[in-house]
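Chains here go by letter, A, B and C, matching the order in which they are written, and residues are numbered from 1 within each.
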Amino acid sequence: MSDGDPLLRLDGVRAGYGETQVLDGVSLDVNRGETVALIGRNGVGKTTTLRTILGAVTPTAGTVRYDGEDVTGLGPIETVRRGVGLVPEERRVFPGLTVEENLAVGRYGGSETANRRDPEEVLETFENLGRRRRSRGTDLSGGEQQMLAIGRALVAGADLLLLDEPTEGLAPLIVDRVSELIREINEEGITVLLVEQNVAVALSLADRVYILDRGRVVFEGAPAELEANESVMERHLGVTV
Amino acid sequence: MSAATTLLEQVLNGLTIGMVYVLLAAGLSIIFGVMDVINFAHGEFFALGAYVGLSVALATGSGGFWVALLVAPLLVGLVGAGVERFTIRPLYGRNPLYHILLTFGLVLIFKDVITLIWGQQPYQFAKPPLLSGTVTLFGFDYALYSYFVIGIGALIALGTWLALTRTRYGLVIRAGSMDRDMVRYLGIDIDRYYTIVFAFGAMLAAVGGVVLAGRQNVAPGMGNAVIIPAFIVVVLGGLGSFRGAVVGGLLIGVIQTFVRSQFPFLEGLAVFLLMIAVLLLRPQGLFGNPEWGTGGEGGDLLTAGDADVFDSALKRRIGVGLVGVLAVTPLLIGLPSYYVNTLVVNILIWALFALSLDFVMGYAGLVSLGHVLFYGVGAYATVLAVMHLVPSLFVALAVGIAVSAVIAWVVGYLSIRVSGVYFSMITLAFAELFFSAVFKLEWAGSSDGLFGFDPVYGLFAGPSVGSIELVGGVSVFYYVVLAAVVGSYLLARQVMRAPFGSVLQAIRESELRTGFIGYDVTVYKRRAFVVSGGLAGLAGGLAAVQTGGVSPEFLAWIRSGEVIVMTILGGMGTLYGPMLGAGVYLVSKELLLGITEQWQGVLGLIFVLFVIFVPRGLVSLPGLLAGRFDRSPGGGTDVLAEEETEVTD
Amino acid sequence: MAAAESGTVRETADPVLVTEDLTRRFGSLVAVDGVSLEVERGEFRSVIGPNGAGKTTLFNLISGALPPTSGTVRFDGEDVTRLPPHARVRRGIGRSFQITNVFGALTVHENVRVAAQSVYDAGLPIAERFFCSTADFEEINARAEETLERVGLADRATERAAALGYGDRRRLELGLVLATDPQVVLLDEPTAGMSREETRATMELIDDVLADRTLLLIEHDIDLVMNVSDRVTVLDRGRELTTGSPSDVAANERVQAAYLGGER
């Protein structure tokens, strides 16, 4: 912990949609510079946790603190301005906009953090995007769309990047490249909170792991601890060993 | 003049009016694309532009036109910003149909505000001398002003395109039309852009108003005249597509002009046929992309079925009492027969019409914007039956019901396959098609209508309608109407209690689910549409007999709007609510007529307030008021129950 | 569950539901890729797989919510590939929804009654369909009441469905399926979003009320289906990875790889 307090702290967060309660008192910390993975079976509340951190879902109880400030219920626009970035599930690149334009939308929003990237810089780093800068979002492959969604979040500028299932539906080779990219981003000083179905990817990237089951944190620890703990893997991840 | 120059002249005429359509449709389309709002009041921004321009030009003397061209759009843009902020904004997150209803109310308000300020008489706009006369290009004489309209339209369209593609605002707006929430997740306050978009659309419309004012009269109906073609342009081009608005606008302008001169019998019909064909073959329009829409914010239609607090025994007593009062009303000595024979009969007939709309809108979720079609067809069929078939009132009414039901089956067959907003648009187009067609049909009396017929109560002879008078000059016809309306209500209520009605209610709650418990949703909706069409036809037939004739007015779209207003005002999904709505609407109109000429505007204002604050209508008021004092759950306070139920995890 | 206790899959081939090379593309994405299933009459089949494996798409293809890009669906020997959903329901393929989808403004009884009515819909004379009160159809009402008894909602029959708690709404969801008397029931994550206790109760309920029917159940939770399924099909990235008895599937290395992620 470099600055003492964690960058993000969730305390007893309960949230849901309508009458469906999804989060049943989630508490977790993400420290500056860490990569934290949030794993668990489907429907246990991982995406809802990210949406609650971002402010797209307002918790019915509990608090979300970011950078020492209570941001509970502020809404996505204010939260993003404070330095939280989202790479959403299914990427959600703007289908009718070109790669350049997708990045530009990121530039017009986001937060003025030191981690903010220039669109040109992103196009250079992700050379496959640079080659397709005038292609529309719909014309990109799944891997390219994922790169673009991450690039867009970097252009918007984030100190804490929330990544929701970044390897979902990608071919194994592309999964490796996306993983590599996430590692690089983290090395450059961006804190990462990663939701992953792909447990292998999550364990390879994360400094710490939280397992969520039925709306609660049921495990917290280093990847090695989890790998050693077969019963937790089996019980909460459905991985039969 | 050679054939080539005639053709050229027609194309130029077409492009001139087409450019005006482009100015209107571009705003409409962008507003829909970004905000999912279908703005019926857009034609009023256009008219307001012309009137404000007129005043500005008069006030500034020579060169006033140029000042008007600059100032009027700015002022109208400000009005647009205010409209968005205070009336449209509270409705985001509700079903887009509430915006249609709201902006319909705004149309009534704007119309009356315009006549209040500028009066009924048409004005002539003084064209600047610089733009008068003709010019000769390639050996061809043509009005300079038309070139000016085409030029300025093209310039503004180009500017808008550049703004959309090259500026920061344009980019965010386009992104927002594709995925509104993602824009928010990037930290951009898209809601603030809505005001800008709406104001900008109003400005474009106002420019259209000013430039068209230099070509024709400025008159109160001018907004009404352009809004329907503008909608056709937007639907044709693809809702939300700027390119579609430009291509569609020019196309419709040229086709209209060309058809008028080459195929006069198709004038007014061709564009509607085109729109219907496009909606059926390619519902997303020429340039629309259905997969890019945001679409995620459509809420439910708010029915009043569970919002009223009276129990059924009390309601039955009130209903029976009301019918009893209506039955003895003619016998009340001292009541002028005008009230009974005209006002009460009128209310009863409109109550029946509103009932017919509620049958499909409140129970099957089909928002028909062209319901006047079945009312009008019923009226014409009834009158024609009396004139040519048999003089019997009852047979004629039956013919009216049957013909309306058949037309409803055909329209339903074609339009129920498209959903939501597109269904509303296609029903509107069908109604307008018949409205235009009736002017062409000599046997239907063309624009004069059909008057002077004499229905009888017997089969071939007997006392004719209006000949038997009861106490106080009230006709027997009053009781015929009363019986027909009460009978229709009881019938509709029974159908809703029967297996058929229970399926309709299931469809309203969840179409998807109804399909997956084994019902053919399309077939059920079509059947409901036929029943509804028949009831509307009966209302139309009664209205024609009551009026003593039928005219194209019976098919005017404003009546579709009025019946929707009544249905919402009363509370849809209850059958009796809309009937109550019809009564309140017409009585208010009667009362307001005595006080102010601006009765439409006042009614519009009341309606707008209802849509915003009491969307479940009058029948939900007792519950709402009770809820104010007693905040217990189930007190009817949850006017807007949870909108968001998506589970993404 | 009776069939599960026997532990073996019957060899007598009596497939009631067959898919042949079923494929569905969305643009460049192949959501379901050449899936061929044979579900035996009376079988409890679970379909599991990680997120994005194509499970719900497969259900949509079988129930008719989506047309396949290629391949066929056969039910009871009949090709139903081109039939709309309601026609498949009439033939005996019922489905539940992952996100509860009941008729909120109707009462619990009305919900189940309208579902039960669909069984009789085709045979109703026009006059009865349009004008007889639903209360007068004794057979339909009896059927609705029996269904409510079985899903344990009989005492809540007069409440509006929207007022039910989450667990009861899931029960009603099952009741809607049951009332249409399906031969094959497709259950799309019936325990999604439930607490442990509710999950257990729901699985018991399914076992209890649907035991005599053919079941096809989508689930993420491997544990949940192990004890109740006759056979398990594992999907991964749109393809059928394997089908077998629960113990075989659990021991399958490729399955573990798919769940742990990355067949690398």
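One rule holds for everything that comes next: contacts are C-beta pairs under 8 Å (C-beta built on N, C-alpha and C of every residue); 3 or more make two chains touch, one makes a residue touch a chain.
Since the structure is predicted, the reported quantities are computational estimates derived from the model, not experimental observations.
Contact topology of the protein chains: fully connected, every pair of chains touching. Among the chains, the centre nearest to the mean of all shown protein C-alpha atoms is found for B. Remark: chain A and chain C have CA centroids separated by 33 Å (rounded to whole angstrom).
Chain centres here are Cα averages; for chain B and chain C they lie 43 Å apart. For the pair chain A and chain B, the distance between mean C-alpha positions equals 46 Å.
Contact of a single residue of chain A with at least two other chains is seen at positions 19-20, 22, 42-43, 138.
Residue positions of chain C touching 2 or more other chains, listed in rising order: 192-193. Touching two or more other chains at once are residues 645-647 of chain B.
Across the complex, chain C is touched by residues 303, 305-306, 494-495, 497-500, 502-503, 505-506, 508-510, 512-521, 634, 641, 645-647 of chain B.
Listed in rising order, the residues of chain C touching chain B in the complex are 63, 65, 84-87, 89-90, 94-95, 97, 99, 101-106, 110, 113-115, 117-119, 121, 124, 128-135, 137, 160, 162-163, 176, 179-180, 192-193. Put simply, chain A touches chain B in their complex at residues 17-20, 22, 42-48, 51, 54, 56, 76-77, 80-81, 86, 88-89, 92, 94-97, 101-102, 104-106, 108-111, 138, 152, 156.
On the chain B side of its complex with chain A, the touching residues are 168, 171-172, 174-175, 178-179, 181-189, 289, 291-292, 642, 644-649. Taken in their complex, chain A has these residues touching chain C: 19-22, 24, 41-43, 138, 141-142, 165, 167-169, 172, 175-176, 196-202, 214, 234-235, 237-241.
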